[in-house]
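Okay, handing you the structure first.
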Amino acid sequence: MKSQNILIVSAHAADFVWRAGGTIAKYIKNGANVSLVILSYGARGESNDLWKQEGQTLENVKNIRYGEIKQAAEIIGVTDMEIWDYKDYPMDLNEERLDQMAKKIREVKPYHIITHAFGDAFNPDHPAVAKFVHQASVMAVSAGVRMEGLPNITQTRIFGFEPHQTEISNFTPDTIIDITDTFEIKKKAMQCFKAQNHLIEYYGERAKMRGNHARRISGNKDYKYAESFMRFFPYVGGELV
Amino acid sequence: MKSQNILIVSAHAADFVWRAGGTIAKYIKNGANVSLVILSYGARGESNDLWKQEGQTLENVKNIRYGEIKQAAEIIGVTDMEIWDYKDYPMDLNEERLDQMAKKIREVKPYHIITHAFGDAFNPDHPAVAKFVHQASVMAVSAGVRMEGLPNITQTRIFGFEPHQTEISNFTPDTIIDITDTFEIKKKAMQCFKAQNHLIEYYGERAKMRGNHARRISGNKDYKYAESFMRFFPYVGGELV
Amino acid sequence: MKSQNILIVSAHAADFVWRAGGTIAKYIKNGANVSLVILSYGARGESNDLWKQEGQTLENVKNIRYGEIKQAAEIIGVTDMEIWDYKDYPMDLNEERLDQMAKKIREVKPYHIITHAFGDAFNPDHPAVAKFVHQASVMAVSAGVRMEGLPNITQTRIFGFEPHQTEISNFTPDTIIDITDTFEIKKKAMQCFKAQNHLIEYYGERAKMRGNHARRISGNKDYKYAESFMRFFPYVGGELV
Amino acid sequence: MKSQNILIVSAHAADFVWRAGGTIAKYIKNGANVSLVILSYGARGESNDLWKQEGQTLENVKNIRYGEIKQAAEIIGVTDMEIWDYKDYPMDLNEERLDQMAKKIREVKPYHIITHAFGDAFNPDHPAVAKFVHQASVMAVSAGVRMEGLPNITQTRIFGFEPHQTEISNFTPDTIIDITDTFEIKKKAMQCFKAQNHLIEYYGERAKMRGNHARRISGNKDYKYAESFMRFFPYVGGELV
Amino acid sequence: MKSQNILIVSAHAADFVWRAGGTIAKYIKNGANVSLVILSYGARGESNDLWKQEGQTLENVKNIRYGEIKQAAEIIGVTDMEIWDYKDYPMDLNEERLDQMAKKIREVKPYHIITHAFGDAFNPDHPAVAKFVHQASVMAVSAGVRMEGLPNITQTRIFGFEPHQTEISNFTPDTIIDITDTFEIKKKAMQCFKAQNHLIEYYGERAKMRGNHARRISGNKDYKYAESFMRFFPYVGGELV
Amino acid sequence: MKSQNILIVSAHAADFVWRAGGTIAKYIKNGANVSLVILSYGARGESNDLWKQEGQTLENVKNIRYGEIKQAAEIIGVTDMEIWDYKDYPMDLNEERLDQMAKKIREVKPYHIITHAFGDAFNPDHPAVAKFVHQASVMAVSAGVRMEGLPNITQTRIFGFEPHQTEISNFTPDTIIDITDTFEIKKKAMQCFKAQNHLIEYYGERAKMRGNHARRISGNKDYKYAESFMRFFPYVGGELV
């Protein structure tokens, strides 16, 4: 992991924490260069509790979300973060934005991208972002997609987050990452999103469940907590893993 | 790879060479302990050319096959080889044989098993062996499956070989292994099977095709030849690969 | 069913009749509050016979379709009907229209939505509408999607119609509704679409076929006619059904 | 549920508790007639901890398992229980046993059968039992399968249990049953299996996870705990559910 | 079709009529050499109405079935018919029977085999026969599978029949055969199975439904009735069809 | 093939050569009327080597591509070719372009369309074109889609090209066409694309691989080279093929 460039693309404010907070913290702890792009504040689609407040405004929701994101990112150790402030629910991922993402990929030259997977039964923004990042990653490879000063790069590995209800979202975990060492960090980062208490418990138990799976599959009893992902492309390497 | 125990289970005489010869050679070269189990001589199902000879006998076919296997195994560097001499086409994988396989798995304590994948449009023995090895691997884990002197072990990773016609055999490669360094060994090992010249060319070009895919997916230009596999279980580990 | 709010979303003029006429009639007969939204007259894509007439105009086609729809809706008992007059073939389901649909869902507060399923081998409008209704239903749930005077609601159950050629449209019926009592109503409603005689026979026999399936699966001999649907989400309830 | 006959078929001793204990307790509480068939003690495949004891014997393991099953069944309220004492890991489900199962189905005349689903990544006995029960249920329907005194019945609804690792076992929940009222019973029943503490916690959290899904899908906030199942055949009935 | 050898393998007495009667009649009319193998009388699984008669015996059921088969085969024009009298429900397709089938395939040297497809939601014998014929066809190709006087042949094309409930049986029609010219023959042949009136109507309307699909897909208005099939292997030929 | 109208739709300049050059050459040789539509020069996505040249311009890339296309088309024998000069990577296939394509389909009245298949792991333009051509083909059938002077036609058969990495692109070949007679023409046509030497070898070996598959599946030893395709709709015809 040391010195690897990692790009995280999160559709809404908190997605990167619930779904990959432990893995990101681990990469940072081990010396990776993590860049985080948050496409939207999730003000429309993922801020339900904030809108229960009388007289709530979009501006205020964004401010609160910004505070939460900032705090969570700090706990995880992310120092390079951008919020692109797209509108969510629905998210309009047009050609101009595709260029913006392809450009970002060329700038970061990521060894891995971690983003949403292709299915989500209750969140159409997530698969849209999966398709968007995939397409941008292919554009980033092509020499004919001209971006002054940013030469084309080679294909990036991409991993998709676990959606909330995996089985009805065509999500089959093929990659399970041990986060035993960074689970406490993830927990603290989750707690920044005060209005979503039920999710803190949910994703805590999810990490324990994946830890159970990790032990059964690998025989390694040291795995206590884990996060799972779904590869966009096959693994290529020098040995079986 | 160094010092890893690897178990190869090959349904017929030459399967391990066509489908994984380069990977096995690489493991051996790097100091792995490779155990090879060949379930049958493939005398009925995979010795077509030998049977064209007038007056051919089963005994003689097995003898010829034995010579070829031995020579190929030597070229690849395999020193621990067993031939269980099951009848093939069809292969009767009964409960007693399941015990034999589970026992072998406990003896070898493999870090990886490499065997057939679950589909093969033109070879029913191959999926039968996939199911057989999978079931034996689960039995090997269970403490209640008593084998005197052979305690239960933890779950083994299992990888399935590429079948001959992948797309119509439900084979999706999720693991591509670079065999650039050992392709020449694979080629020589393939040439032991003199009667099957067309396969030597076929699997040579297949390795080149997988090398092409490996380069496109990874961006690594050094990959010239590769072999592909399909995992039985998700990858579990400390980092994304 | 009594007092349940049901929303039907039909891509073209007659879809709701061919595919769910018996089920809708049954709900109405049993006291449900059915709201019908017809997105287009189907003037371009589903009025072939009308266009065979010399000098035919779009306006005239729409007029004829309107008469047919009105009559069929009356026979079925629908009293709350809207025709949104979108252009069909192709159908542009943009963000503004997504808002319109989400708003409608909040207004109706449906217990069930019945609309198109996700696949249709020969009608791209149908899967587009499935995706559109699904996305609008998720927006309707989200408190941050602000629609003055229309608070967010809970997730609606959604059921997809049978497409014309089911097997090549990824349609697997998981819900089969007995329409024995209302089949005659459906038949009469179908007969309003005079120019499409072959479909009247086709969907009559389809209802008989589903009746046969209903008997075989359930053992209930009283089922003579049925319609089938495909759920968007799992069934949740207090007992197995 | 009242007066419905329900047949539970459990491959090993404790399967019915982990996977459907809350649902079974609910049916019994509401007056259903539940018959439980346990095919094996799970002595070989699901009694790992017992075998850690020095000098353990098969007979003793079965005795302990018997005590646990009896106690758990009592807590859940099952009064009609049979243990067929098949050997497990692997389970030989031959033609004679198929007759035994078909006969049992005719005797019980179940409205629902609850048993294993068709996939299980780490337990080949479970899919084998799914296939076995399915086949027996079809035989039970056929008048030509003669069983003196036991006339053929109509097709039974069948529901498959959740396997341990759902996503890699082709398990897609299509039926989620609220067990909020009987979760405490399930918990107590699980605690009978003292040697499997980690599973008690695992399936407790699983029930909470399914409760979360049940709330999101249905909008019903009263659902706290749930169990999920996978239908073998479509739902057939008089209304959408 | 002229002079082509065609082998039909029917699990039970009447399967070949319901599912492929029109296609078989057409081949015969056009000069093909059709060989029919019926594996069982379907006495246990597909003779429900006969068993309703007081004092019915297996022998008598077989006799009645024999009469029906003979008559239907004559109407269709089949002159080469064998009934292997296997027990059905379940069908034991052991190694000896596999040899018998492989031998038959070598004798007939079929250009096409027509048999059951790989899925059937309510008839486990049908997928078992699909697997059996597939495996025998592969054995027939292999020179090492020695059958005195019967040299190995090349791979045969195999087509699977439509099961009764296609969508829940994983049946996707990829081949639709016009039977407009022989539909009347099929109808008469179906009428030989007097006790199964409902199926005569069912498969008559099914043929009309497939005729409708054939017209929509091809644009050929002359197609009135059709039967559909599912290939076991890709089409290979000199031009697109 | 003689006198059949064939429409080829190629997303980028060279796609039609790599993927179907042998089949197209065969159709032309046998007297078919082939119309070729090339949607883009592939200047952004498929001209990597040209952009390595210092000071390269879009105009110049298009000119070079034009020369290559023209030469390749001549070698294959295509005389009716249009280049629509869409921008690629990404390709904006809007409603106006959909009309253009539907119109073209009505003009050509093709017996077959050959274009891209629905999946491509590393080229989002290809599935987009598959969807586009499919939708246009359905519009072309509909009488209500008015195009002055161009009456609606019947549904066209559509075949999808092989993508570069088939197994991870959901490509299952169901149609394999022998190109032994025209492989030399394909080779020469491929050589027009000088900057893509590695693809010439890749697609040469791919044709040999498909030839191997063609022999195994059909038993016809004369097949040396082949191309494979994936049908959009079932085959409909008068006999099994």
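Should a chain be cited, it is by its letter among A, B, C, D, E and F, assigned in written order, with residues numbered from 1 in that chain.
Please note the rule applied: a residue touches a chain if its C-beta (ideal position, glycine included) is under 8 Å from a C-beta of that chain, and two chains touch if they have at least 3 such contacts.
Bear in mind the structure is a predicted one, so any value in this text is a computation, not a measurement.
Counted as hops between touching chains, the shortest connection from chain B to chain D is 1.
Looking at the partners of chain A and chain D together, the chains they share are B, C.
The contact pattern of B-D recurs in C-F, the pair among A-B, A-D or C-F where over half of the contact pairs coincide by residue number. Look at the contact of chain D with chain E and you find different residues on each copy: under half of the numbers used there are shared.
A centroid comparison over C-alpha atoms places C as the chain most distant from chain B.
Judged by contacting C-beta pairs, the busier of the interfaces A-F and A-B is A-B. Annotation: 37 Å between the Cα-based centres of chain C and chain D. Multi-chain contact residues of chain B (touching two or more other chains): 122, 155, 168, 173, 213, 216, 233-234.
This structure has the following touching chain pairs: A-B, A-C, A-D, A-F, B-D, B-E, B-F, C-D, C-E, C-F, D-E, E-F.
Chain E contributes residues 95, 98, 131, 134-135, 138-139, 142-146, 152, 155, 233-234 to its touches with chain B in the complex. Across the complex, chain A is touched by residues 1, 23, 26-27, 30, 112, 114, 141, 153-155, 157, 159, 173-178, 213-214, 216-220, 223, 226, 228-229, 231, 233-241 of chain B. By the touch criterion stated above, chain C contacts chain E in their complex at residues 122, 164-168, 171-173, 198, 202, 205-206, 208-209, 212-213, 216-217. Residues 42-52, 61, 89-90, 92, 121-124, 168 of chain D touch chain B in their complex.
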